[in-house]
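The following pair of complexes shares a single chain, chain A, combined with chain B in the former and chain C in the latter.
And then the complex of A and B:
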């Protein structure tokens, strides 16, 4: 179980490092977005590799819903050692994944404190979901929102061209 | 044993293609290209039959008088095509499956390499040496 802790610490350091340079006199909202974009693209590359490695022998991913279920069960267990708590869909390409105690947020607070800082810690995971989906053939847009720590929800919107 | 090995991306362009450099290599490239149609047919046929357990290994795609062509598709729609010399009767299905499994494992390693951008040609020397070991093996 030591590897879970290693990833948590590494992730915390990644976020801290990117935000450590915000001591510039005029940060502006552009800087924030750059950092979030960097985190998200890191997660994307990791997700692409995971999407290749995890579903090794299972070819039962015929439909989109199967792929999402795979994300909620296998991917979440592999990365966070627990399954996603709920998956909802409107059957038209939007899926909402809810996690009532997200491991990367659970150590921070439980309640409303630090809600503004939470998006920074979710950007990498959004990218992770997007990368895995893209390797499995689904182009999507993933956003995350937090109402009260440590519960968070990820919204996946599939882009059909 | 294997005379030509090709890795083809989801969008049907080659990521890696290598053949034994004795004959007209263009012939092998052409065979791989025509086998892509057969692969697509097999994938779509499996989808319609509503088979619960789908296999990654597609089996013999089509035989010609000198060669046999085998296929394998991964979950990310990356296809592996292998052309094998027909004159070797001792080549069994299990061996072909194990060769594809090795290819899949090496491809996964290439994907996890941070210096590799998904979609580029595969230039990893480790992958090259694994393919060489599969091609040189003559029994």
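And then the complex of A and C:
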């Protein structure tokens, strides 16, 4: 097992590097979205790979809910050394995963400071979730929101064609 | 027994953080001047101590005391200096100052992507955790002794 700090520092630098390339002093919302998209697709590719490597038993992941539970337990433990705090669903393809103390945010603040910057640090993880789901056969859309650090929630909407 | 105030400096003399708990008398000069004065004094004392030491130096300058207060000093290999003024009843607190560095500064400032290093710390989380840590110390009492 590697020290979790290595991933945290690397992630911090990824976010910083993308934002450091803003040429004009007042970036429009388009530039922000580009950066978030880049982070999200990086997370997607990592998630795809993790999805192949992590699951131990294939039989356990028969139902959609089992896959989500796998994300909350095994994936979160492998990447963040803790489990997701809560998983809710409307049983119609929408799942809300809540983490009351998300490791990438927990060092930043405990409350409202830095709330506007928080989405930058969640984009990669959204992609991670989407990638793992896609390898396990579920096409989805993942978004994240923060009300007060370090708690955040990820919303997974399954796309059924 | 009490803690009067705390300074945190980086290797370039930038004052990263200052908090006070019980300070009855101010220095009479603006805060910027005070930080420069403190840093300059520490720099001079450190080189004085290492030059004049009759034996091989182990930890270097640790603390000084006057008839009213004691100043404790801790420096890391990276040049971060933690300075705490307490009253006279307090013994060596090197481990406390080290904890402030490793569990508070490193965890909440160095690892915080939004805190640029080399500038005064803006993180509210750092400020409040540091405050509650100092207040929880056994030699801190709410009433200035």
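The definition used in the following text is that the second predicted complex is superposed on the first by the 153 of 161 C-alpha atoms of A that agree within 3 Å, B and C clash if a C-alpha of one lies under 4 Å from a C-alpha of the other, contacts with A are read in each partner's own complex, and residues count from 1 in each chain.
The definition used in the following text is that a residue touches a chain if its C-beta (ideal position, glycine included) is under 8 Å from a C-beta of that chain, and two chains touch if they have at least 3 such contacts.
It should be emphasised that the depicted structure is a prediction, and the values quoted were computed from it without experimental measurement.
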Room on chain A for both chain B and chain C (clash or fit): fit
Contacts of A:136 with chain B and chain C, given as first, second, both or neither: first
Partner chain(s) touched by A:48 [first = chain B, second = chain C, both, neither]: first
Which superposed partner A:145 touches (first chain B, second chain C, both, neither): neither
Chain C, chain A and chain B - angle at the middle CA centre, rounded to the nearest 10 degrees: 130
First (chain B), second (chain C), both or neither touched by A:100: neither
Which superposed partner A:81 touches (first chain B, second chain C, both, neither): neither
After fitting on chain A: smallest Cα gap, chain B-chain C, Å: 26
Of all residues in chain A, those that touch chain C in their complex: 5, 8-9, 12, 15-16, 107-111, 113-114, 117, 121
Residue ranges of chain A touching chain B (in the complex, touch as defined): 45, 48-49, 51-53, 55-62, 135-137
Of all residues in chain B, those that touch chain A in their complex: 10, 47, 52-56, 74-77, 104, 107-108, 111-112, 114, 118
Of chain C, residues touching chain A in the complex: 107-108, 111-114, 123-125, 128
